[in-house]
Structure formats: C-alpha cells, structure tokens
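Step one of this worksheet: look at the structure below.
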C-alpha cells in the first residue's frame, strides 16, 4: 500500500465532488508523489535526491499533500482566470509561477529558455508568421489563381501552437451545464484547452509544466521517457524521436527500458539506465554509480547545446537568450543567419560559451564512451553540418535564380510551389540529416528518408520547375 | 500454475496431434481464457464482469473448455468449408456466427457495423473500385501512353482486402502434403488465408473476430491495445494510431502501460488504466472506480461516433447503417457527399442521433476531464473539420477547372497524375488534420506531416500542373 | 544477486580505472553473461543450450570471465590498431575474428554472409557508387545547371556506411586529452567510431558483432528484439520493421513481449514466445516445446531465404555467395537482373537450393500454422512479386523512352529528376509491397504508403515529366 499524506480541508472538499465528477483526475493524483509526501518532508532529503528546489516553502503548504487546492488555489489575485467555485477561489490554469512555490530553480531556468518563449518566438516573428500564413491561410480558387488569407486562430492552435502553446485569455464568464451540479459559471478562455510548452497563461507567465509532466500524476518518469519529447520533436521538421528510436541508444532503450528505474533521483548512469533517453543528455541530474555528479539538472533545455542543428535557414551557434524575437541578420530579417549563410553573431553565443556547453554534454557521453569515441563522433557531426549547409546554399541559389528571373515572386518567399520546395531543403531534409548525425542513428533518415536522397532530388526537381516555368512564360521563338 | 478446464474428447484428439503438428497453436490456446474456464462458470459471473453475453449456452458446450472442436466443429452444416479431418467434420474458417454461440450480443452488434460490411462496402461501390483499379491495375507503356487494367484479385487481397477482408469461397477439395500425415484432403479456398475485419466467410457470414482477438489466445488484452487497431488504422489515409502515439493520451499509454491491467472486466478507469487507448473510447465497457457504468461495451464500432471524420470526399454525419453501398449523393454517385460538399442526408444520422452518440463518447471523456475541457476540445474539432473541408473544396474547384479546360479527363476521376493530387487532398491530408484534431495530438500531422503544409503545397502544385498542361497543349502564339 | 565469475588480473586493472573513467561500460559488462560465467562452464552445457560454439577454448581464457582484456587483448599482433595502454597491449576495435575464439561457428557463418560483405558489396560496385554519388555528391548551381561531385567519405559514413560499415584504417598515432590521465597516445583511426555490420576492421576482418549485440552487454536479448534489426531495415528502401510492426506478428509481439523470455537458449516456440520476431524466422535456434529442433541457429542471415525480395532492379533468387561484387548481368552491369528483368542466373542459387532454403523457413512457420495456411501465404507472395516486377518493367520502359527521346541523359542513370523517379519505383515502392506481402502485414505499405498508390502515381508523373520536357525542348510549331 502506498501511504497518503494528509490533505488540506480545501483539497478534501475538492476530492469529495471530483471523485464522482472526474474520478480519473483524482486517481491520477493519488498515484502521484504529490499525494504521498508533504513538502516539509521533501525538503529534508539530501541535496542530490531532492525534487523540490525552493529553500523554504510557506508554512501553510508544507504540512499537507500537494493537492487540488494547493495548486489551483495559488496566487489567485494574479490570475485573470480565477473564479468562485463552490465556495473557493481557484484558477483554471496552473502556471509555472504557481509551481515555482516549491520548484523555484526549475521555474527560473525554464523561464529563460527558448521553450518558455515558444509562443512569442513564433507569433512575434513576422517572417515565421508569413510562413505560417502561407501554410494555414485558407486558399480560394478564383480565375485560375490561388488567393490566400492569413491563418485562422483555430488553425494556428491546431498546428504550430499545439506545441508552441496558445495565448490563454479570459473573455469573460460563461455558463456551462455539468452532470453533477447542473449549470455553473466558469471563465470563458480563448485558446483553451492547450498544454503547449510556451503557453501564455492568464497570470501573464509563460509555459506549461504539464506539457512534459502530464496531467495530475506530475510524473518525472513520463517526462524522462522519450514519448513525452516525441509529442513535438518529430519528423519531418524536428525528427529527434524518429532518429533516436532507430539509433543504438534508442534500440537499447526500447529493448531494456522495463528494467530501468525512471523515477530515481538522482538518476544513476549504469544503474538506473544503461543508455540515454532525451532527458539524460539534455536536462536530467545524472550521477555515476559512486554518486558523483556528471550533469546538473536544468530546465533551460538548450543549456547543454552549443550548435543549433535546426536550420534557420542554416545551422548556427545557439541564441544567447530564450527570447529570439530580437534577432536580426545582416539583411535585417528576423533570422539567425542570412540567406547566404552568415550568422547573426551578436545574438548568438560565442566560442567560449559553445565550449562550456559542449563540455556539459560530453560529460554525459563520457559516462559510457571513451574520449576518442565522442570526439570522433562530434567531429563527424561538425563536418556533416557543414556539408548539409552547403546543400542548403545551393538550393537558395537555385531559388534566388528563380526570383531573379521573375518565374517566382519573392515578395512572399514561401507562397509558391517552388518556394515550398526550397523550404523543404532546410526545414525537413537538412534537419533530418543533422539530427541523424547528432545521434549517430537512423542512417535511413540521413540517406533515403528525408535525407540526402531528397536533398538531391529536390534540387533536380527545382531546376526542372524553373525550366518549365521559363518555357511557359517565354516560349522558344517559332523560328527554331 | 494456471488451471485448465476439462476438455471434450474431440478436442483432446485434436490436441494429441496438433501439439506435434502445430504446437504454437496449442500453446497459444492453453494461454487463453477459453482453456481455463468452462462456459457454465463464465455465465455465473456478475453482469458487468461477464465475458459471455448469451443468456444460455448449449449443454454440450457448457461443461468443457472452449477448445479446438468447440469452435471448428460448430454449425458444420452451414459451412461450405466443412470437411472430414481424421474422423471429425470441422470447418477451416471459424466465423462470427460460430462465436455467437457464447458471444451473441457482440456478434449481433458487430453484424450491423461498417466493419462487418468492410468487404462489401468497398467491392460493391463502383466508384471505390474505379479508384482501386486506378491504383492497382497493371499499367503498360504503349506509344507514349499508359494503359490500365483492372485490379487483380491478388493485388486487391494484398492491399485493400488485407484490412477489409476477402471473400473466402470453396473451389473444391485439394490434396496437400503434410509432415505428420502425408497427403491429406482439405478444402481449396479462394482468398485464404485472410483475417480482414469484413471477410465474407464460407458460411455466408461477414467478419473475422480474429482480426482483433488474434489467433488462438482470443485475447481481450491484445484487442484493447492499440497495436491491434494499428494494423489498419494508420497513415496516410486513416492515421489514427500515428496521431494517437504522439498525443498526450498516447504518451501516457506508452509510458505507463506496463502498470495497467488490460484483462480486467469491467475495465475500471483510473485503476486499470489512466489514459485511454482506442478501445476505451470506441468500444469497451468502462466503469468508474465505484463500479458505476461510464460506457457500455459495443462491437458496433461506430456507435459512439457522430461525425465521420474520414473525408468522402468531405466529412459528414455517420451513415445510418453499416451497409453504405446504398448511399447515393445528390449527383447520383455512391458517395456520402457531393463534390461540392452537400451531404446525402437521408442516408446519414440526424442531429438527435448525433447528439446521443456524442453523449456516449463524452461520458468517457468526462471520466478524467471537466465539462469545459472536452466541450472546448470538440468545438475546436468542429471548426477544424469546417476549415479543412473548405480546403478540400478549393482542391475540387481546381480539379474541376482542369476537367473543364480539357487538360484532364474526368471520365475516370482518379486516373491521371493531377487527379491523384486531388485525391491526396481529401484522402491523406485532410484526414491527417482531422484525426489530429480529434485526439488533440500530433500537431506535426496537422502541420508538416501530411497536414496543412501538404494541403497548401498540393494546391500550388496542382495549379502549376494545369498551367504546364495548358502551355503544352495550347502554346502561346509566337507573336508574343 | 547475480554472481560474478573470477576476472583476470589484466581485466581487474582495466576495471580499476574504467569504473571511474567510463562507468557505463563497466556496468554494462557487469550486466552481461560474459561477466557471470567462465567459458569452461559455458562449454559444459547441453548442445542445444550452448552459447559458445568452439569445441575448445584456450586454457588461459577458459577459467576467467570474458572481460575487457580477454576481448581487447586478443590477437594483438594481427591488429593494426593495437597500442600500448597503461602497460597492456590492446586493440581499439574488437573484430569477429576475436569473438570467434569462443564463437567459431557463428563467426564462420557470418563471414560468408552478405552482411559481412556489406561494405565491399556497396563500395566495390561501380553502379551502386554512381547511385551513391548522385545522392550524396555535393551539388553546385552554375549557369542554370547543377554540377555534381562524388560523395565525400564523411557523407558516405553518415549514410550508407552507417549500416554497411566503414573501412577502419590506422592513420598513425595521436594524442588525446582525457579527464583521468591527461594526454595519452591512441591510434588515429579513419571511419571511426562506426558499428556497421560489414565494417572492415584493422585486423583485415569483415563485420561488427556489436552491430546487433550492442556495447558491452553483448545481449542475445537485444539481438532478438526487432529494434536491433530496425536500426537498418526500415523504410523507405527496406521497410522490414515498418511492415512487421503493423503485421499480426508484430501486433502480438508489441502486446505480449513483456511476458516472453528473450534470453533463453534454446528458444522455445510457444513457451518463450508466441509470435515471431525477425530473429525467430531468420536466424535463431528454435525448438518446439518438446525440445525438438525446428530451426538451427545461423549467422548467415540469408540462409533461410530463397528469393531476394529486394529489387535490384527486380526480385531474383538469392545470390550464391555473400560477395556479390562478382555478379554481372547479361548486359555486363554489376546487377543481379537486367533492366528487362532477366536474372544473372549463374550467380544466383538454383531451384534445388531455393527449395531447401524455403523448407528451412517453413519449418518455423509450421510451428504455428497449418501447411495449407503457409503454402497459401507464399503462393500469394510469389504472385505479388511477379505483379510488382511487371510494374517495375513498365517504369523502366517509360524511363527508356525518355533516354531514347533524349529528354534524359542515361549516361548516369540516376542523375536527373526523372531518373530518381524511376529508382523510386523499384527501390522504395516495389520493396514496400513485397515486404508487406512477405509478412502478410501492413496493407497500408502495400496500398497507400509507398505501395501501389505510389507506383501508379509515379508512372503517371513520369509520363507527364516526359511530355513536359518534350514540349520544352521541341515546342509545338507556331502555326498550330
């Protein structure tokens, strides 16, 4: 039997109804650590075994389980979505600020990450929104032309913002009809439900912890398993999971995971797991079997990364800050590289910082691999990034020649068939190869599936599209 | 040790040889509940815990395990595939009618479903067969033209009928050479082996229970796991599994399934499982932890569905009946909507029925989610269906303009390259987005992978195909 | 507690440092059978339960665990990569020759297989390298033309040679900086790290056992799980795993694998597993529950195969030898069939051998399936191969007509957009259908996903590409 910690009177009331109204939520919470240990106990663990990072926790919260009211009743004054519900003021949306009561360090790290900014980094970048509109804008067929509209908020929410997060705003109150209580008043929220990682919350904060620690079990186990990452980091644009599962690491994970311990803190290399998952390399606190620290926990998910594999439109050093809306390349575009490949250096981390971050990552690699092995690995990756970026450059030159010849209209660089071919080169194909290289996995992703095969074929088809367009627009003189 | 129930004399004889001839079958059966409990005992369970639904079971069957002979020896008079085998008359193919001896309700529900009609709904629809022929018909290259044949029965069996089921007919008897007995006589069956869900059996019945309860373990566990559904409901046309595995529900399933109980009847939300699989939402008997019914078991797999997401060529209310060959749209075509999007209303369920069915589904959602959450979810889905169907309409208009201009020949609407582009819009891309919306999962399927990205790109490429064809056929006058 | 076998003094020294330097390796080895049993004991097992196949093992090795030094210290005289490391001469790369000390039979079988020759069979085939160059060669855009280079060694290593294996050569010694020892001297290896199955090792041997028995656990369990095969045998060219996971066999594997025993030797059908994985059918030693042999172990992975499904450019009988570089078709090309489909018979196994091999495979099928079932299955497969190969022939005829008309330049048959379309037909689409047929799985791969749908669509688009090219090159006279 799992023991349960004492619960607050408020939470007891919540459970009294919700065990009937939504028993799945209650059961999920009962399976959680939140229901079994009170913060005061959690604070007493040794430092490397701690799951709470705040130095102190308010008295009223520290002696009871972290229940319904302890989370939904936090900071209600700052929540535009707070409302009266059966005698209690609660918030619909629990935000990272609420979680930070106990998990201060994680919330702070996260708040500076690109993940926390995922909504703004997309929506506040006019070039990315041009791309989004060219994909999601409704198209009509009038007189042999396709006319395009801007993306609807619904389409954005179902696509980009499914991962990036929505802006959740309170439009007022509304009446809904419930089985248990009949009609009740609840806040009427836009962009809701949504658990995207960069969600803008009604308390003004950014992010959604439940994106990775889902629902009411708040599980570290689920967050450490790659299926969580695989909700968003999948092909064709960011094929991290796809590549991982076909790598040696992924093979070992899939073959042996039932014997591993995904709940242990600290997470011990060689004992709790024998091959990395996403979280091992990118953010978990890892020790060796002797208890020595290999990597500190971080919720700034890019902080062990030096190069940004993701092509925009070439790879480049990681941005200095999580907020990348400020970046302007030498051509004034909100991109970290120019179309010719020059990085927007002042917004990107310098070599010293790259080196520091690489050392953080390779400290994990070194848990199982010799220095020569991982050095060879990353040298290979560097060379691959360079080769692939050159193939992007060629595609950009082909594209530019089409713009120059007037067979494509560059005013919207994503609006025509050939322009989407160009985007395929960097957004899908280049990334597939780079991710495959980074995990020494999935040679098929590097080769035939969205990799080199497609990069070459795409160039050849782009060339033919241009020739065809030229022939259509400027027919060969009849005298020939 | 698992106890075994007493077996009939006939089954004992079967096992005597088959433990040598095909030990895997025998072992599989020995692992099954059929081998461990006799029907008379099964009938004594409390109603929600029962796995047999017949009110009474023939005396001769009720006291012995459900063994080889009990299934293969049923209703032999009605089976064209019955034959003498070592002194017993048995059938090769066990049909839903045979299973209905103990599982009456399930067989009856199933017999009225689209699944049971899966063979006929395809093969008896001339338009769908035109599509099948345009895909599967052998093509020859003669004088710069592709000439097409109709699909071979073999090609159909390997593709569409792999899921939909074949028509299994007895062509006579044949002699085969076996290791154990040397030459023996067995029925010579067409379309065999096949375990497609709508198989037409030699006893005239429709369906194959083994499609989901596979082989000789007849496992409820396997049927409840999504891998069973994933044999057929996969991308690019019906990406249910693909979307599910990248949804939050799928993430939790993949992370926690080893702790769940997939064999329990009734299936208790919050205890036996903490996130839905396909069968939770679509057909299983679900109770809350107090034992109250949340959803009744159904083997009419569409009966908790109101809207048919699957685009034919637009979404529409579910058909009234499992037999959809009777449907005719306003243009006389055997389709539930016209090319312009008008539903064939008289063949589709009405609003009251839609509401009833939606309530059945949301009763399951409500086990874990607040009313506001799932209401918001389905509102989003409705809007997405509408937006996606408008993108299908645009593609249809582009297609129509090609037919009107004579650059494509609409007599077979699926026979040319541009026509297959049109089909991509509704058959692959629209479905991907709709399924993704329905499970709030897999933003990548809605966005880049077979989703909005492809819908837009496809329209742009269709436009260029038309322009190219026009230019080829009607060259610009030389004076220009 | 798992007992550990006594270790040699040398291995004890290795572990003394490496438990600090690379604890993950040590822990992995400690989890292995190599650490728990000495060869002398392993030799005493009954013949079907043995995991070592050498008749005798050198005295010095037989009484200690198979530790670091026992593998890395083998045959150092023959290893160009041997070097002094803290007082011991060791090799970086452990090769199949080293493993053969205990696993003679496996090493010998493997050495004759296509897998062992995977590097050479690719790199020493000029036609395949033309294909590789056309995919991987860097392309530049000069005056409206794409100019192509040959593939870089880095690109080859990241793609084809990721699975096929690299040639690992010693370029000299180099100094590296390690955490524990500071600067040390190690061999400077080209093509390293790499664990491709046909790797050419510094001792001159071919192959990499760790490709399937990964890292330092040398696990038979991992090798038997399909995730190992799925590192290489995946879509789009060889979609074995993709098809398997959507087959009935794959469904049962994914649903029930936690209850199976993947470590047992012999591997007992019906007890240790209830549906096949890749290794059951292709190479494992399988017995029935009575202990009778159903299939002998083989590490010549093609030896239970008669037909080679993989289209080059049509299916054909398996090659006689693992070294296929010697094959020449009737047109003098290094291909097992001509462009017209004629097999290079003298290099391929004859009918008697095909029959023998098919009997080996069907002995496994017969463990669970009746003679009629699997006979019907393979008859279906034969017909499908024939039908699909005819669709390849049509594509080849379309391609030939383009070469004949001068709208494509056949001097490099893979260098242009339309030529890659032709390759799609046999390399991706045909294989998808054939693999799907072979496993009676994944009707979607046979139908819509890389199957018949794509084969037909591809022919139609190839036709249009030719028409477009003709119209561009030879404009219609202006008088029309």
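The first chain written gets the first letter, and so on, giving A, B and C; residue counts start at 1 in each chain.
The rule we apply is simple: contacts are C-beta pairs under 8 Å (C-beta built on N, C-alpha and C of every residue); 3 or more make two chains touch, one makes a residue touch a chain.
What you see is a predicted model, and the numbers here were worked out from it, not measured in a lab.
Chemist: Shared numbers divided by all numbers used: is that above or below half for subunit A and subunit B, i.e. same or different?
Modeler: different
Chemist: Using just the Cα atoms, superpose subunit A onto subunit C and tell me the rotation angle to the nearest 5°.
Modeler: About 120 degrees of rotation relates the two copies.
Chemist: Which integer distance in Å separates the CA centroid of subunit A from that of subunit B?
Modeler: Distance between chain centres: 34 Å.
Chemist: Of all the residues in subunit A, which ones touch at least 2 other chains?
Modeler: Those would be 258, 468, 471, 475, 478.
Chemist: For a test of understanding, state which residues of subunit A touch subunit B in their complex under the given definition.
Modeler: On the subunit A side, the touching residues are 19-28, 31, 92, 134-141, 144-146, 152, 154-155, 157-160, 162-163, 176-179, 186, 189, 192-193, 195, 214-215, 217, 219, 221-222, 225, 227-228, 230-232, 234-237, 258, 415-417, 420, 427-428, 465, 468-469, 471-472, 475, 477-478.
Chemist: Considering the complex alone, what residue numbers of subunit B touch subunit A?
Modeler: 245-248, 250-252, 254-256, 258, 269-271, 274-275, 288-290, 366-373, 375-377, 380, 383-384, 387, 390-391, 394, 397-398, 401, 433, 436-437, 440-444, 446-449, 451-453, 456-457, 459-461, 463-464, 466-468, 471, 475-476, 478, 480
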